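Think of it as A, B, C and D in the order they're written, each chain with its own count starting at 1.
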Amino acid sequence: MDSPNNSENAIEVSGLNIYYDKFRAVKNVSIAIKQKKVTAFIGPSGCGKSTMLRSLNRMNELIPSCHTEGKVDFLGQDIYAPNVDPVEVRKRIGMVFQKPNPFPKSIYENVAWSARINGFKPGLGRPSMDEWVEICLRKAALWDEVKDKLHQSGLSISGGQQQRLCIARTIAVQPQIILMDEPASALDPIATLKIEELMRELADEYTIIVVTHNMQQAARASDYTAFFTMDEDRSGILVEYDKTEKLYTNPSDSKTEAYISGRFG
Amino acid sequence: MDLSKHSRPAEILIKAFLVFCGFFSILITVGIIYEVGSEALLFFSNPQVNLWKFFTGTVWQPQAQEFGILPLVNATFMTTLFAMMVALPLGLGVAMYLSEYATPRVRKVLKPVLEVLAGIPTVVYGYFALTFMTPLLRQIFGVDVVNIYNTASAGLVMGILILPLVASMCEDALSAVPQSLRDASYALGATKFETVVKIVLPAAISGIAAAVIVAFSRAVGETMIVAMAAGAGPNFTFNPFKSAETMTGHIVRISGGDLSYDSIDYNSLFAIAILLFLFTLTLNVISQRIVRKYRRKYE
Amino acid sequence: MNQPGYQPYFSVNLPGRQALSKVWRSLFLVTTAIAVVFLVILVGTLINQSVGYVAIETKTPIASLVSDGHSLEELDKAELVTLLQQNLTTGRYNTLNASEPMETRAKSDLVNLVYTEVLEPEVQETWLLTESIFHGNRIKAEAAELHPDALLQFKSWLNFNLLKTTQSSDPLASGIRTALLGSIWSILITILVAFPLGVGAALYLEEYARDTWVNRMIQTNINNLAGVPSIIYGMLGLAIFVRTLSVITSGAAFGLGSGGSENGRTLLSAGLTLALLVLPLIIINTQEAVKAVPDTLRQASYGLGATQWQTIWYHVLPNAMPGILTGTILAISRAIGETAPLVVVGAATYITFDPNNVFSRFTTLPIQIYQWSSRPQAVFQHIAAAAILVLLILLLSLNSFAIVLRNRYRK
Amino acid sequence: MDFSRNTFDNHLQKMADDTLLLASRVSEAVHNAIDALGSMDSIVAGQVIANDEEINARRYQIENDVIVLIATQQPVGRDVRFLAAILEIITELERIGDYAKGICKIQLLITREDCLRSVISDLKRMSVMGLSMLNDSLSAFINKDVAFARQIPDRDDAVDSLYNDIRSRLVSLMIKDMSYAQNVDYLIWVAHNLERLADRVSNICERIIYVYTGEMKELDGPRKYQPPEE
């Protein structure tokens, strides 16, 4: 394991630059994400926070024009090292997206498929597939709502439930980190609060990094907040990163102050 | 100030014209059913025609008053089978490559190639079957085995003709699958192949099914290739290297000559045509139902 | 990389999964490559057939007309005319003179006349381009042995003569002039009929029609018509235009047409049949273009007090026009290539005079290709290939025009 | 709906708990201050004075926590009234703590115990009455018992009359013998502090009613302000 000092960091990013072709979307970001905490990325739209998030499990690579410079250490290993398989990275660093995107399969299959493709082996001290699905749905606080309709389509439940299904599906892979890209922006306020509540609960077991353009959400649900904004050349920079309560009551940068008090731009 | 309603004659006139245009397509359908149907009815009401024999007979010889449509249908399905064997795997493969693997740059080059392939008139494919495919087949399987005119050659080339259609319909179906599903799959640690085959393909399956049906309908209705390369003369054979005449091929050959109206030969062509029409119509209706269903799914 | 508390429920054979992924990737790539190879082979075959060595033997040896080592081109006009007078029957000479007097003809034309009328060349054997390039010497030897009197020529079947001359039983003198003109005439008729009807129907469906079962039926009907095999349209054209309406389509009703006989197998029938065929395509393409016009534009127009037609005429149509034109051009290129329905409607098998009105008998480029391809003599395959190249160039330029339009529209 | 904002509710609960803890420290301080006065125990008095620092610190901690909650959780409705009331209540409690400290400072200045003896039992009664009001107000707060909270300020009258009684007795003592003047002055301050304590409890009760009903009015005076219905 790493030195005790580092071990509380799940991810250490240093000198990260992300480009779309020639355009630099994220400029020189260094940040250390604490383990088993909720960290929120906030900032105005276009400040590169989503790009930044997607770079943490190499989802960026699915965009052909995108390339990344710098180091992203995940528990001490650089995920951009040449011998690292992005599939392996994504297994350990799961992701939940803005719009709930359950597969057009049953609720049960949505969870089971994720486990299955990753070689889930039931039996001998391990749960059976049915149990595993239940465990994951319970962790996602969805079990009670769907236990009677596990074989209905994942698209048949409400948006908020779909999003929790997506979280359950992510949990089924046993990631260490869950990235959430505006997980509640397509949901109504009650469903939003449920997701936030779920994030808090999941933080007992997982490191959670959430991008949100809703700064109240970041305030409510996170332990740490990173504020990004745009530089003069429109590339995203990290302005301030601190404990959420500190950042929201006494930010040290005037840009942060202006943004969180709604006086931005 | 007068705000009361008043008529605008010009507007009404224009609208009347547009309504006529809208209903004109119905006229075409009615025309096909009425004109082609009534000629076909003349054929079936002819005392020399026996409906049972028409559908089960294996000899089509209008001169001998033999009207068994099976040889024509058989040849049609033989060529169609060959066409599907070429078009489906290749078309689906191309669609998969274009939609899931190709970089935008490669796609920019390949899509026009497919469009060109799709825009080539069928008579050119017929020529291609005669001057390339048939000699090739004869070279491979032997001149004695393969006739100059044969259903295999026509079918294979027809497959190339249909390939762009299958590819573009399948690609539409594949790209209608939201990117978010792919992202979700990758984020769960799936490989590209697992994502494509286990998530994208099942999600697009109804669209692909529609493509298969449309391809089938196109192959059945395709005329020039079979008219040029499959052979002239109805021949009830299952040997793909023998010549045989398809329904469409027969219509073209007989109507191309000087044909006297109101003869039973003339009417028999319409009987074949109405059969062809009903068959392809059914296929098209089914495929459209499917397409509508899958479009709705992600909207 | 395991964390404490991370239960190893999973075992993953990632290299295996990635390898499988690569295998399939290459499979998909191969299928695509095959599709491209087909296109290459197709074009290759055409070029291969349309250029190559030809052994031509003249009935009258050239040496009997001009002294050794000289060619026809070195003679002047008067000498050429004399040659024609000497070697042709008086009747033939007078016919030629009547169609255009010898004095006014260009020298190259006269050379041509001497060549075709006096020398009467005949193709003995032809070779493909690939053979001609790679086995040139063998061909020369073969030709010298089998056709000692023949002239071995490296000939491109695709040339200007092909475009200029009409059909002929002599493959060397055959051209596509009549067919090309027939295609152009029939397409013009098609456009004139199908464009207004198609755009009108699309406007009706997109702008006026409410969501009633009738209109839904029309829409379904149009989609279905687009999938009806073209030969069925041929049958429809045969039954309606050629037969039922023969008084009109033959031109007899207007005192025009060929010989006043009621024969509906005319350009008009062909054009109308093709119009029915492309109508659903034009409607569907136009609908797409009209749909793409943003609703805000219509609302803005209505907000200013415009009537529905004013809105359509001043805002919807101009904005949709590039899209409509693109769609129409694509539909038209489909019509240009159509063969089967025209065979059924009754394209003429042999015709040498230019069409002069819509009631003329006709042939079109694809029909001509079909007929030449079906001939047993290999020579005609070469002309067919050349004609196909002309057809493809025509279609390709139409399509590129459509693409240019589409791109400009996107900006 | 079986859903609740657990995290936020836990935070609110913690705020209430912290406030109760502060209240118990404050009543302990008052209790000890009166005890120290009764027994003239300067050591205890010194402890109470020293402990006031801790009370102040606790109060600032709660205030800070409330501000963080307001900043991060966007409370609305009863939640925001609750947090605002907490801010008010802890201010009152801190002031009450200051009274305890003031009483202890006076204890150090008292020189004439005979003067003190004449009123100490009544002062104790006052403090008991005031502290029981404080106690009751906080249990009304915890139990959301608005009716109970409304009754508590009524008991202020008894405290006031006791205060008037003590003051008149001390004044007449001073008139008799001017040498008591200094000590009488001190002791009137003690009585005054205890009287103010009861007033502050009334304020706390007003806040409690505000939290649970949204009404904002002076309980022992004419209605000053009635917010529009919630």
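Going forward, a residue touches a chain if its C-beta (ideal position, glycine included) is under 8 Å from a C-beta of that chain, and two chains touch if they have at least 3 such contacts.
For clarity, every value in this text was computed on a predicted model and none was experimentally measured.
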Path length in steps (a step moves to a chain that is touched) from subunit B to subunit C: 1
Centroid comparison with subunit A (C-alpha atoms), farthest chain: C
Between subunit C and subunit A, distance of the C-alpha-averaged centres to the nearest whole Å: 58
Intercentroid distance (Cα basis), subunit D paired with subunit B, Å: 91
Euclidean distance of C-alpha centroids - subunit A vs subunit D, Å: 48
Whole-Å separation of chain centres (CA-atom averages), subunit C against subunit D: 101
For subunit B, residues that touch 2 or more chains besides their own: 191, 194
Sites on subunit A at which at least two other chains make contact: 87-88, 91-92, 118, 173
Touch-based graph of the chains, sorted into line, ring, star, complete or other: other
Pairs of chains found to touch, sorted by chain label: A-B, A-C, A-D, B-C
Footprint of subunit B on subunit C - complex, ascending: 14, 17-18, 20-21, 24-25, 27-32, 34-36, 38-39, 41-42, 45-46, 49, 196-201, 203-205, 207-209, 215, 217-218, 220-225, 227-232, 234-236, 238-240, 243-244, 276, 279-280, 283, 307-309, 330, 333-334, 336-340, 343-344, 346, 349, 366, 369-370, 373-374, 381, 384-385, 388, 391-392, 395-396, 399, 403
List of subunit B residues in touch with subunit C within their complex: 8, 10-11, 14-15, 17-26, 28-29, 31-32, 35-36, 39, 89-90, 92-94, 96-98, 100-102, 110, 112-117, 119-124, 126-128, 130-132, 160, 163-164, 167, 191-194, 196-197, 214, 217-218, 220-224, 227-228, 248, 251-252, 255-256, 261, 269-270, 273, 276-277, 280-281, 283-285, 287-288
Of subunit C, residues touching subunit A in the complex: 1, 3, 5-7, 9-14, 17-18
Contact footprint of subunit D on subunit A as seen in their complex: 144, 190, 193-194, 197, 200, 216, 219-220, 244-245, 248-249
Subunit B residues touching subunit A - in the complex, by the definition given at the top: 103-104, 178, 180-191, 194, 198-199, 202-203, 297
